Structure formats: C-alpha cells, structure tokens
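Read the structure below first, then the notes.
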C-alpha cells in the first residue's frame, strides 16, 4: 500500500481528467491516421471545467454541450468505447453512427445532447430547466459553450429568458480566448464576458477555469442556487486550448495556445496534490488510463459499420 | 485553374474592379487547405475586409444596410447550414426590400455559402438550402460548377442590384477547368450545355454537374448518349434550355443535392410535366439527397447523396423506361 | 423644457407634431368607416421622433419599424402619398407594395422599413458600416421600440457597432410605460429582465443614456450630441427615450380613447375631462410642448389654433388625394421583384 | 359528445384547453398568449391553467423555439405559438437544425414532441413580411411533420393529433379561415396526420388544394359543375407526410391534375405534388398537370394588389379548363 496514496475523490478526479486528455489525444491520432473523419474539435487543456462542473451535478441533472463536447460527455459518465465508436461512425456508437462527434447524445447519464451550432444548445438547456421547474422536479440543467457563443443573439435572448423565469440552469462559458480561429478581441470589445449576465441580473463569477478546485467550488454554489429556486447563474471559466479550432486545420497555430505547464489543468492538479504528499501514483493513473483508452479505441475501430437498413429509421417516430 | 483559385480570382477581380466591393467573412473556401489563399488576398486588401463575430443574423443584416448605403458587400456565411441563423435577414428583409419599397431601394449584395455533403459534416453542416430560398421571390441564385463560369457569374452578381445567393461546394474546390484570360460577365438565366447528347437529358447544378459529367462518360461507353444541362443560375432559370433538351432526348433525369421533397428536382420535374409532358417518352426520374438528415458515418453518408454510380443506374432506368 | 432653438424652428417642430397627430387621428377615423387593415400609431411619441429626426441632414439614413408614421413626417414626408400607401394606391411612396407596415420614402432618408421586430437593427448598423467604409460623414439612425431589445438581432448588432465604432444612433422609444401586459412594479417591461435598458448597450461600451421622451429639450440635446459623435467618428450612441403609452394604443387595434386632441386644453384646464385627466394634463407631449411654447412666449394661442387649422386642412387634403388616387394595375404586383440588370 | 357549429379559431381554443386539461405535460408558449394572442386563440387559458403552463415570452423567437425543444426533450409537450409565419425565419435554426434532427442524430434516443402553431397567409393588407406561406420549406426538412387544416373539424382534430404526436409538428393556421364556421366535436378524437380527404368526389379532374385554397377550389368546383365538369377535390390536410395513395388513386381515375396553393408556384408544394405524381402515375396523365399558386413576387400590401396575388376561384376554373382543353 502506498502510504501517501491519493484520496479516493482526488484519484477519481485525476483519473477523469486523464481519461478526457487521453481520449482527445487518441482521437487526434486516429484523425491523423484517417480512422475518424468529419469535424473534430478537441478540448485538450480544458479538462478542469468539464470535471469540475459535472462533479457538482447529480446523475439526473442534465448537460447540453456544443461542438467541443467529448470532455463534457466523459465527465458526465459516458463510456469512451461507445464515444470512439460514434466518432468513427460505427453502428455501436452512442448514436449508431448518425450523430458523430458534434451530435453526441448519452441521455442515460444526463448528457442529453450536443449540437454543432454555436449557442444552439443554450435554449435547449433552458427548456430542460423549464420542464424541471414546471414538473416540480429538482433537476438542474447545464449548458457549456465557448466565448464565441456570447456574441450570438441567441445567447442574449436566453439570458433574458433564464433571468425572467428564474430557471434552474447554470450557464458555463469556457472562455478559451478564441472564437473559432480568431482571438476574442476580434469578436467583441467586452473584456469580462460575465458582464453580460450582470446586465440581466444573473449572478456571475469569472474564475480561473484551469483550477479544478476553484471550478468545482463555483459550480457547487451555482448548482445549489439553481436547485434551491434561486434561478440561473453564469460562470465564466478562463481556460486554454492546446489544439487549434479543429483537427486537420492547415493553419494549426491559429486559435491555440502553446502547451504550458503553468496553465495545464492536469499538471496543476497533480502539483497541488503533491504539495500534500510526494506520491508517485498520478503517473500510474495516467499509464493505466492510456491503456484503457487505447483498448477502447481499438475495439471501437473493429466494430461493424452501421446497418444500411437503419439509414432512414428514426427520422420521425412514426408516420 | 483550380476551382478554389477561381474563387479567389473572382473575389480579387471584384475588389479590384469596384471600390464599393467589401468582403465580410472569411470562409469562402471553407475549412479546406485552400483557405490560406483567401488569407493572402485579405492581407493585400486589409481595408476591404470585415471579419465579423459569430453572429450571422447581425452581420448578414449589416451587409444589407451597407448595400443600401452604397457598398457592394460580398458576405460569406461559410457553411450553408449557418444561413438558417440569418434567414430572417436574408428571406424576410433582403429579398423583400426592393419590392416593399415599390422599387425605391435596392440591395446590391452577394451572399456566399458552401453547401452539401462534404464528408463527415453530419446533419448540421451538410445542408443545401437553395431550394428553400428559391421559393422566396427576390433572391437571385447562382450555382457555378466550373471555374470559368464562376468568375463570369460572380462578376454579374456583383454588378447586379439584387441580393444574389452564391452557392458553392467544398468538393468543387479541387476540380480543374480551363479559364481564359478574358472572361466577360455571364448573364443570368443562361444555361450551359456541358455535354451534348441525344438519348437522355441530365439536369444538374453545382457539384452534381461534375458527378453527372463523370456518369455521362461511363454511360457513353454503354452507348447511352447523355446531354448534361447546367442551369448556372437557379433564379432566373433558363426553362427554355431544359425544355429544348427534353424535346430532343425525350428523357429526363434530374440530379440534385437538395433533399427530394420540394427540392430543386421537384420544380424542374414539375416544369417539364406542365410544359413538355408530350415530349416525354418515359417518366422523369428525380435523384436527390434522400429525405433523412445527412448522417455522419461515411458509408451512410454516401448512401444518401447522389453518387456517380447512382446517376448511372438512374440514367439507365430512365432510358430503358423502367 | 424647450430646446435652445429660435422661435421659427420651434414652431416648425410643432407643425410637424400636429401633422403627425392629425394624420393618425384621421387614420383611426377612417378605419371605423372602412377596413384598412392592421396599423400602428405613433400618438404620444411625437415629442421624441420629431425633434430628434429634424436634426438629420440629407444623406443620413433612418431605419424605422411598424410604428413609423411620425418618423416619416418628422423628415418631411407628405400626408398624401403616405395615406395613399396605407390605402394601397399607386401614388403611395411604395406604389402600394409596402403599406403601413413597410412605409418608406427613400428621398426622405427612409430606404426600407421592416416590421419584423428588431428587423431594422442589422441593416441600420450595416448602413453605418457602409458610411464608414465609404469615408462619408453621414449617420445612420436606428429607430426601435423597447421590444426590439428582446431580439437577438439587437445583441449581435450592438456588438458589431461597438467593435467598429460605427456612426449609428440607436433611438429606442420605450413606450411600455402603462402598456398592456405590464405588470405592477415591473419596469422596463414584463418581458425584459434587465432592470435598465441602457445597460444592454453600455455593456458593449456604447455611450448610452435614458431620457424623458416628452422633454423636447432633452431629446434635442441628446440627439445633437449623438449625431455629432457619429459624424466625428466617435462611435455609436444608445438613447432610451421613455414615453407613456397612449391609452388609445393599449388595445391591439388603436382607438381614439382620449378623443381628438383639443389644443385648447393646453391653456384651459377647465375643459379637461376627468377620464384620462392624467393623459391630457401631463402625458400628452404635444399639449406639453404647446404649453412650454406659450409660457416661453414663443407662440400665442391664436397662432396655435391657426397652425392647427392649416395642418388639419393639409392632412385632410392628403386623404382626399389618396382616396382619389387609382389603385395600381394588377400586373404591377409582378414588378420590382428584381432590379433590372445593366446592359 | 355533441357536435357544435363553431368558428375555426374556437376549435383551436377548445382543443388547446382540452389538451392542457388531459395532459399535465402540455404547455403553451408564445408572445402575449396570456392575453389571448393576436387573434384570441389562447383567450382564457392563462386564467384556467395559470402562468406556469400558459407562458408569455419575450419577442425572442429563436430562444423560445429552442427552449421549447429543450422542454420537449425533457418530458414536456410544448405548443409554441409563432405570431406570424414569416417570423419562423428568426427561429429557423432551432427548427431545422435542432427540433427536426434530434431523433435522427441520436438514432431514436431523443424525441421532440412539440407543436408549432404558425399563423399566416395572404389577407388583410399585412404586406410582404406578414403573409408568406412557408410550407414548402418545412416539407423540405426531414424530421418535421406539417399539417394545414382547412375545415373547422380538422382545425380541431389535427391540432389534437399534433399535440399528442411524438415529433415536431408544424400546424399551419390561415388567418383568413379563423372566422369561418363548421361543425366540431369538443373533446373529439384526433385526425390522423398523413391522411388527405376527398371533400368532393368527381370524375373529370382531380384538384388538390391546401389550407384556405380548399375553400376557393370548392367554390370553383361548384361553378364548374354548372358547366357539367365534375371535379374531384382533395384537401391535402397534411403537407408532410403527403398522402400519395389518396391522390394517386384519384388521378388514376380522372387522369387530370390541378394543384392549388397560396405560396409562390416556383419551388412550392405544387412542384412536389406534380413531380411525385408524374413519377407515380406517368402513364395515366391525359393532359399536362397545372399548378396554380402565387406569382413569383413577395406579397404586396395594397389590398387591391393582394386580391390578384393569391389564387382566385377564376384562376382555378381556368386551370381546370386547361387540363380539359389541352387534349
């Protein structure tokens, strides 16, 4: 037994962050090898927001994500094997190959859906919150979106609605400083995006989104507020992405940050743990997870293609 | 010249020939590797470019106002699916303004998008909304399929005092075609017979022209002579060219990347059924994207879109009267 | 209070206010006699739009909405062709194709009128972008109601205007005070969570100010400054002008709830009836403007009444002109779908 | 159950009330719905069911549509009221890219049981931005169902069916029909979506019409009957899916087809009907099909121009003659 073993929850957090990181890196590799096609947006460097926020949720709470959704799905409890299968267009994927990366849906773990449309998921989360409140449920909804979504009209309409109707929703803006390819400064003069929430009387916080503990604490406050009938909250998590906007970008440098140990949420978390104890276990976790991820990917790639018979099924429930 | 180069060339000419032309948006060449060429053009003309935020409703609408104020903006919506965000401004404002004002005010702007199945785009990035736009009077729609046509059509679009939808396709970018040094503006409403033939008329636009030409080549080997009619502009439409070709061949296959129901293929078929029913020796066949959202997975994606093989098979069935 | 303007200019402003008021009163009357379709009136907001838009110069563009009659009159549009348009006659500004909802007169600086809520905002910002790119010192004015702020188009456009420091003035006429649907204690409206509408603009760093839309001095000063800023290239301004919703505008179809405006109420309190007393005494901007002009010695009651007779006659003639005008030929329905191509 | 004679709009109100009553998951969302909406369809519902189920929204069409989708994903059955069809343009992305696709993209894991009540049509001098008929757009989007009742009975029956359906259904209301009267059974059973109705059997020409054009075509049919021409009139009722069976059966008997709708002919529903039938029953056509619809122009505001814009009884008569003369 390792004397300075990680506390159970810390180990789980680290494991989850590594699972996301390793999944995304593997996806990148598979894309480069031509095993995955389509638009692939990775969240390497943004693991702390996904794990911090989803860790504050109950299993029945719902999450609606955008075009960079893998981290949120994994943090909410999706199985990576079925995620890989979906990314690779296989019949065993979560959506039977019909959705792909941007349209993942794992409602059984509360990850209701992602959308490929910037800000398109925000009203959906509001609707789930409305449903919860009308039906007298205690469930809270979360929308994850990037800083680019804040310039859309839909965002503005949604803040107004969420505030007017005091909906139990938590809006998480992962501000990685890039809207698609260009820096945020090319998209808005607003420097603190949470100012928008203040305008509508929505409580907000702007925090270091690479600090897992900070994200977790802020998310718990926001989720408690929503569950207690206190209405919506807005969390602006300042974070970084270490890849470009999408995989295969010919101008890879655009829209990404250099890998930086100071910013890397995993390195930071590990350092914060080692402050307590000189454990070597974090490396073991990484190694174990990488094996798990490799195996899941290999299995997904050997899975069959979807059955052509299913092509026109599930367009509508029935005619 | 590569089609992608022609896109840049068309933009370059527009900027250099008319100082009122400004470009709004930056994804004329989508996310393809070619897009660095647009970047180079932008560096040469930094004062003629506007990089909008992700706010299609706002910036497409701003293009309308800028056109009213005296610019000739070319606005890029990137992927066709994003035009849905801007439908209120494109279809309820731009299309109506000239009419509602009784001819007082014009909206000389061009709205560009890349449509269609592009490989892994799935349901939210693979639309071909031109059929919907077609049902809204007031928009001109160009659907080039050849680099030279593209340059000529864009010149006319920029000179036009109407809002013009410029429909492009990322799969066209890697195609090649001869482009003479001197290209005059191509008048709207003039179809191009891209290949002459006597047994069957194939109507196709945009990327589907290329696939139809490839299919025609294969069919020629079987002894089926195919005439490929490329309308080049959907609005206005050269109905005469279609009817003439059908009068000659007696058979029509419409290939279209929009969905089947109420797609471009529906209108073309209806026109022929109304005006040339007597010329037809067999039912018109429509080959369009199946009426399901475009699936993500590659084999399913290929299954829903019109492919060369499907065109060949459909062509045979029309000619054989099956 | 009165703006710092000469008596002649002030009287000219009153004249346009009276044209606007009488124009719409007569329109409501007409709607009792014949079906003229759905329309919206500007009654109660004249003291905002008329002094504000009278400041604009040739080439400045203004983009208005479904509540547009007063705006057009403010920039000199004539009652005759306006009525003709509302009645679908060929002599209307849009030859019968626009109607009241899309009433536009390009020569008066109204190139197009959208009646989709918020529909005018992106084009107004775009016109400012055009002016900026063309190196022109013209300004664009976006005339919007408070409801337009609920639309996403507002947010997207405000962000663009702020980013590019565009020469645009957003004149938001908040007529929701005492409006249908407003619940007790709710301001600015029952469907907007922001406690102050100006916050929606200032969050983008846009210069923004809320004023009393019944106070012509405040309207004039604020608008003058906003237009100067725009012309000088100093960027956009957002003005929230608060007015009270006219009681006749509270139902969905306008009605003459307070009767036809009796200008004598400006100087004779004894004739003000109990019903709608507050409206006549405090909330009707036109009466207030007349009172201010009179107490400032700028006009006599005789001149007021004479001016009213003249404008009423002009407005009546306008209606006669419209009613005498022919309808367009049916085939005109097919014209102006597209502008012709050159050559 | 008692049959009553009521107005079209009353049938809508009655069904909304009935469905709110029978299913606690049904909600109504729209601008001013607690005040009855612009034409009074939701009058009194807020008083009965409270503001938590009859919800006034800001003028934020995009967000409200998306919010309803989210509520539908989470167990509610929202009924969204869009004040004018033209304003669907503001919510197009949520409708096309979200509501219509979630079932498919998730391979059936998600359902979007919602109804979108859309008011529109030519009439009243509302002009180009408040009068457009958009059914062909919706027909073009896989995943959406579209109904367009022309009779009072169907106004009720199709609305009940739409609300109980597990997919997004666009329910098109023509404001020119609101005050028309007909028989209606309060609390009656839903009308099946996807079934056309032969409203007038005949043998010479098949006329397929939709929404208000059914009434126009019926008048035309009666006029033609006096000339000895026997029209079979089919009310499409459901735009998506189209009841090909009923229409094809009719055309096989009459061998002639006229299609009537209020939208522009180009790219309209008629194109699909003619194209579909010419493929299905190519050999039976004795003469060319004829499409009757609006000209390729936006809707003019002038009431005078307006009356020439939408198809008239005479337009239908001329079209029917054409299918008979053109031999």
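Here the chain labels run A, B, C and D in written order, and each chain numbers its own residues starting at 1.
Operating definition for what follows: a contact is a pair of C-beta atoms (placed from the backbone, for glycine too) under 8 Å apart; a residue touches a chain by one contact, two chains touch by 3 or more.
Here the structure is a predicted model, which means the values were calculated and not measured.
Q: Hey, which chain ends up farthest from chain C, C-alpha centres compared?
A: Using the mean of the C-alpha atoms as each chain's centre, the farthest one from chain C is A.
Q: What's the distance between the Cα centroids of chain C and chain D, rounded to whole Å?
A: Going by mean C-alpha positions, chain C sits 37 Å from chain D.
Q: So the centre of each chain is just the mean of its C-alpha atoms; given that, what is the distance between chain B and chain C in Å?
A: 41
Q: Taking each chain's centre as its mean C-alpha position, how far apart are chain A and chain C in Å?
A: Measuring from centre to centre gives 47 Å for this pair.
Q: At least two other chains touched by the same residue of chain A: list those residues.
A: 95, 97-99, 103, 115-117, 151-154, 157, 160-161, 164, 187-188, 315
Q: Scan chain C for residues touching two or more other chains and write them down.
A: Answer for chain C, listing residues that touch two or more other chains: 92, 94, 96-98, 102, 114, 116, 119, 150-153, 155-156, 159, 163, 191-192, 337.
Q: What residues in chain B touch two or more of the other chains?
A: Those would be 53, 55, 57-58, 81, 85, 88, 92, 96, 99-100, 122-124, 137-138, 291-293, 295-296.
Q: Based on the touch definition given at the start, go ahead and assign the chain network to line, ring, star, complete or other.
A: Looks like everything touches everything, fully connected.
Q: Please give the residue numbers of chain A that touch chain B in the complex, ascending.
A: Interface residues on the chain A side: 37-39, 86, 89-90, 93, 95, 97-103, 115-119, 148-149, 151-153, 179-180, 182, 186-188, 246, 248-251, 305-306, 308, 311-312, 315.
Q: Note which residues of chain D are touching chain A in the complex, please.
A: Listed in rising order, the residues are 24-25, 27, 52-53, 55, 57-58, 60, 62-76, 78, 93-94, 97-98, 101-111, 142-143, 145, 165-167, 193-194, 241.
Q: Using the touch definition from the top, list the residues of chain C that touch chain A in their complex.
A: 150-156, 159, 162-163, 191-195, 199-200, 203-205
Q: Touching chain C in the complex: which residues of chain B?
A: Chain B reaches chain C through residues 20, 22, 50, 52-53, 55, 57-71, 73, 88-89, 92-93, 96-106, 108, 137-138, 140, 156, 159-162, 187-188.
Q: Using the touch definition from the top, list the residues of chain B that touch chain D in their complex.
A: Interface residues on the chain B side: 57, 81, 84-85, 87-88, 91-92, 95-96, 99-100, 122-124, 127, 131-132, 134-138, 235, 258-259, 261-267, 269-270, 273-275, 277-278, 280, 282-286, 291-293, 295-296.
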